[in-house]
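Chain lettering (A, B, C and D) follows the sequence in which the chains are written, and residue indices restart at 1 in each chain.
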Amino acid sequence: MHEYMLSLQEREIIPDNWYNIVPDLPQPLPPPVDKDNEHSSIELLNRILPREILKQEFTFQRYTKIPEEVQELYAQIGRPTPLFRASGLERFLDYRGKIFIKYEGATITGSHKINTAIPQAIYARNEGVKGVVTETGAGQWGTATAVASSFSGIKAKIFMVKVSFQQKPLRKQIMELYGAEIVPSPSTETKFGRSVIEKRHDHPGTLGIAISEAVEYALEHDMRYMLGSVFNSVLTHQSVIGLETEKQLEILGEEPDVLIGCVGGGSNFGGFTFPLIKKFPEAEVLASTAEEVPKFTHGDYKYDFVDSAQTLPSVKMYSLGSDFVPEKIYAGGLRYHGAAPSVSMLVKTGKITPSDVSEETVIDALRIFARTQGIVAAPESGHALATAIEYVVSHRNDRKNIVVNVSGHGLLDMSIFDR
Amino acid sequence: MHEYMLSLQEREIIPDNWYNIVPDLPQPLPPPVDKDNEHSSIELLNRILPREILKQEFTFQRYTKIPEEVQELYAQIGRPTPLFRASGLERFLDYRGKIFIKYEGATITGSHKINTAIPQAIYARNEGVKGVVTETGAGQWGTATAVASSFSGIKAKIFMVKVSFQQKPLRKQIMELYGAEIVPSPSTETKFGRSVIEKRHDHPGTLGIAISEAVEYALEHDMRYMLGSVFNSVLTHQSVIGLETEKQLEILGEEPDVLIGCVGGGSNFGGFTFPLIKKFPEAEVLASTAEEVPKFTHGDYKYDFVDSAQTLPSVKMYSLGSDFVPEKIYAGGLRYHGAAPSVSMLVKTGKITPSDVSEETVIDALRIFARTQGIVAAPESGHALATAIEYVVSHRNDRKNIVVNVSGHGLLDMSIFDR
Amino acid sequence: MKPLVLYFTANYPSREILSEFIARLDTSVVKYVELGMPTDNPLYDGPTIKGTHGTSLADFRDSDLKIYSDLLREHDIRTYLLVYYHELRKRGPGFLHYLRDIGISGLIIPDLFIDYFDSGTEVIKSFPEGLEFIPFFNPATPDSVIRTVAEMTSSWVYYGLQPSTGINVPFDLREVSKRILEMVPGREVNFGFGIRTVDQVREIMELGSNGVAIGTMLIPMLKGNRIDDFVEFQEKVREMMKVVG
Amino acid sequence: MKPLVLYFTANYPSREILSEFIARLDTSVVKYVELGMPTDNPLYDGPTIKGTHGTSLADFRDSDLKIYSDLLREHDIRTYLLVYYHELRKRGPGFLHYLRDIGISGLIIPDLFIDYFDSGTEVIKSFPEGLEFIPFFNPATPDSVIRTVAEMTSSWVYYGLQPSTGINVPFDLREVSKRILEMVPGREVNFGFGIRTVDQVREIMELGSNGVAIGTMLIPMLKGNRIDDFVEFQEKVREMMKVVG
């Protein structure tokens, strides 16, 4: 019976502590650095992040207690998320090993982003500010921010890349439904936005511009800025994914041989794999990225800016350059030019194996997953599925336990199947 | 800790048997009857329904064993669905009783419809037919049918009301993604469809026409027709909702005082409330319907056709007339002119209290639920939430346990917030 | 034990032919006759029997019932009237007395507990001494209704195997008969609806039934005035009963 | 116990002023001096110290280091050089010998295990007798790295409380110091980065530290040539140490 169990939805599976991989990395994590000697973007973090986030960002501590309130909200948003055996997919692939899916699409906002939005909003509220600000492109992060701030009883202001604002009315709608204020970026609400608009009246916006606007707005209005990915603290919060998986696998009596996830900024990937890498150091770890954004295979491991507007600090990571613009946008969450420093380091040291997949393969994988498991996965997560399918096909005779993190559902992104 | 538990996702909560209320009704259930002496639409059922469905449709047995395969698929689609305490909503309403939500939106297709689609598809497949046919309006039922047939390894052909086909491309896309063939109705694939088109080239279609096409197609191609609601067998399958709720409440150590659900054809409502009515005969039971489709308060309790094209038999139910066309369509699933005979009878005998709610109230309720619980509920389910909120407001000082069935999520229906 | 309860719609296909059929009843297998009173709205009958009502209604008079009941009394076979409550109500309370007086043993009222549930027990109480109310149940009848009505009556019980005649829903005969036999222990139960073959008759009898009602199956014989087929059918049942015992 | 490890960027704000400051060192509280070798890319320094590198680099020559080390030797204070690995590499292996010979006691190389991790242990092994490699750790240094480097060395340990100077991340001093003291038992540990007040110095000393490095806090005094403030600061520390003991 356990074989088909979609989940063990017991409250006890939600961990009491987040896990931070930094003290367990094989090498010291290069710290964030400033662009120049004049403006400290690191100092900036002091002013826009909740103190608690700043602390977690740089802590050497392996375990950080998850506040009771956050644990309760985790339960409210659907944690623990299901871990289930993908029997339909196994049958379809005629695989004699086992494929397990950790499904973050089962949270109420449909992706893992809520795992970090909640603690960030709670920490901000605890500092007495009236609201939080952030940017969003595809909309997943904005949605998570909207819900988390609604739960925390504070306002959310979200700068949404103008072209997404126009092309993704559903996303805008859902964020407003959750009570957030959505502003197309570039906007006239910030100095930076106005300067952009002055130069080009119909500027479609970029994530970099939106970040700059959000940061400026936070500074000017004594609000806190919410970090969507890349930062250590975010990966630490996301460790709830891997920690749950660890307990769920234990209940199933299974150990993972292969771990697979997709990498945008690296938060769902790190959150999923890190606790499992610690527990099962022998496991193979595959990081799936889009062929159009081949950061690990074609990027450099170097200090580069977190954002194209160079508002936030530089970190050492695999990067295609902070001014990199991929051609296609079918998986908005994977467009990011770099990847979290810890994930990058483990790619560099060979612990994590990168895998670039093509749009075609991804769409096939999404279709297969929908028909065999009934789930419409997010395009981003489709990469992880494509990599998993490729792995199975090329390791037909191994009987491995493959665990795949499916970071979100794709119900609001189905236009990709139009092509 | 139990207070915030989103769900007890243990496999054991999925029941072994469905519950059929017919033998426990206070009066005999009037059987379906034919339109005239010439064509027996009841005989027609013999030819288009799987035998097992026909048997369940008319059985006196309280309990029907859920086949092992169906139980396993139930687990795969996310059963048991969560039962959770809506603490955010309670706080917002300043209610000192408890509000519990049974959340069918957590299934992979986003509504309860999958609960009956699975057994129907499995029974059809067991008869060796190559496929199933059905109609869909809003698309929830078509989606459930598509997934269930994909799981069963048979084809699904879905006649989709043409105007919905045009206005809901997302729904069409998702059904196709699941491998179903979608045909806008009226179509040229059936005699009936052709006759409609001949009379009016640009006919927008109706659910009645789509049913007639689906039935004709099933007959002509030796396929089986899938029943979306209204029929006893469907309510029996949906009893999985109430049976799970019963076990989950027991684990929480709670008993329900008030049960609330929305009524389209009555399947989620009956499936949710009937097992609980049996166990807790003292509970108040409220059936929420749209003010625009006030079947219980303005309809007659009489024999009326199941479908406007009069293809299927008549049943005795509250009905606004099978030719009733509501003005607005913001909650497609509640447009139906009648309600399942068993539900209708219990409204007639006073066991179930009807409650009509306005569009405005529903949209407010959906907003409140989104902001307090983070869930975008389906417009249909918004009615149940609106009724629950009204109940709380008018019973402020009672400390009751209110259990609300939220039949689906509304991620694909967010345009209603545009108005 | 005589197994058969035969259903005829009064006057179908004509007074003459129906009378001839009755004349050829085999009293060693036929226990009762259930006489359908024609109506313009035989809601709960299947399509075949529905058709006979139309034909018969045209020149039907209530007094026709006496013709058949007299004939049947000659054979020592009791006559039960299957009558829709809407027909009964039209005629008022005196009609029940009239029916008893012309020799009708009891009434089966298929729509009473379905469409007139609230009047049901009152109607039972209004029955005159000497006229039985025959409980009519089927798989869709709730347990509570079976218990209540069974308590108010002491006659035999009519149990429809199908929700409506003419429809052919698959069911597990064993389970279906077990249910009613356990719910009304000691009562005579005759099963009806949807019985099409002599084999089915045997099967039902073997499961402990006290009798089997046959209706739809006879209509083509009546319609075609194939009285020999009718006789042959009764013979087959007789043969079969020798085996069942 | 002398608590202070003072950081100066060589030649900042000028040879003269820095020399005057060194002349006024209070040897009862100053244990070591950490001398920063100017570089065009002081990646892991905070904005204030970064600024000093620019100023100093212009007319800096390696031989300037000898001026300060000579001055400090007069006070009986050991000099440690804080030098980025990219500067070291530019100069080749002879440079280490040179440094030892001019009286530098040891080297702190902040970027070595971050940007040149693979060369790290080789660099340690290449140190000549008489020149110490001072392990430089911070909260972000993984346990395994601390263990490896600590095993290869026997000098005191520099532990940065912040991931980078100038940044002001909140941390729990007790936990942070506990970690390193437990990981390198018996070793002298001096804490640095982000210490801004005498109170903080006391706090750190009370938690069992062997010393506290002060850098950013001195820059404005140096820049403004406010030597009296510098003297006063040292006095305050001396007072404070009487209490701490």
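The working rule: contacts are C-beta pairs under 8 Å (C-beta built on N, C-alpha and C of every residue); 3 or more make two chains touch, one makes a residue touch a chain.
All figures in this text were calculated on a predicted structure; none of them were measured in a lab.
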item: Required steps from subunit B to subunit D (each step between touching chains, minimum); value: 2
item: Relative to subunit D, chain with the most remote C-alpha centre; value: C
item: Separation of mean Cα positions, subunit C and subunit A [Å, integer]; value: 72
item: Rounded Å distance, subunit A centre to subunit B centre (Cα mean); value: 35
item: Separation of subunit C from subunit D, taking each centre as the mean of its C-alpha atoms, in whole Å; value: 108
item: Length of the line joining the C-alpha centres of subunit B and subunit C, rounded to whole Å; value: 38
item: Subunit A: positions in contact with at least two other chains; value: none
item: Subunit C residues counted as touching two or more neighbouring chains; value: none
item: Pairwise touch network: line, ring, star, complete, or other; value: line
item: All touching chain pairs, where touch follows the definition stated at the start; value: A-B, A-D, B-C
item: Partner subunit C, residues of subunit B touching it in the complex; value: 22-34, 37-38, 40, 42-43, 45-46, 51-52, 54-55, 57-61, 303, 316
item: Contact footprint of subunit B on subunit A as seen in their complex; value: 1-2, 4-11, 72, 75-79, 82, 84, 87-88, 106, 108-110, 114, 147, 150-151, 170, 173-174, 176-179, 366-367, 370-376, 411-412, 414-415, 417-418
item: Contact set on subunit D toward subunit A in their complex; value: 43-44, 46-47, 50-51, 54, 113-115, 117, 138-145, 162-164, 166-171, 175-176, 179
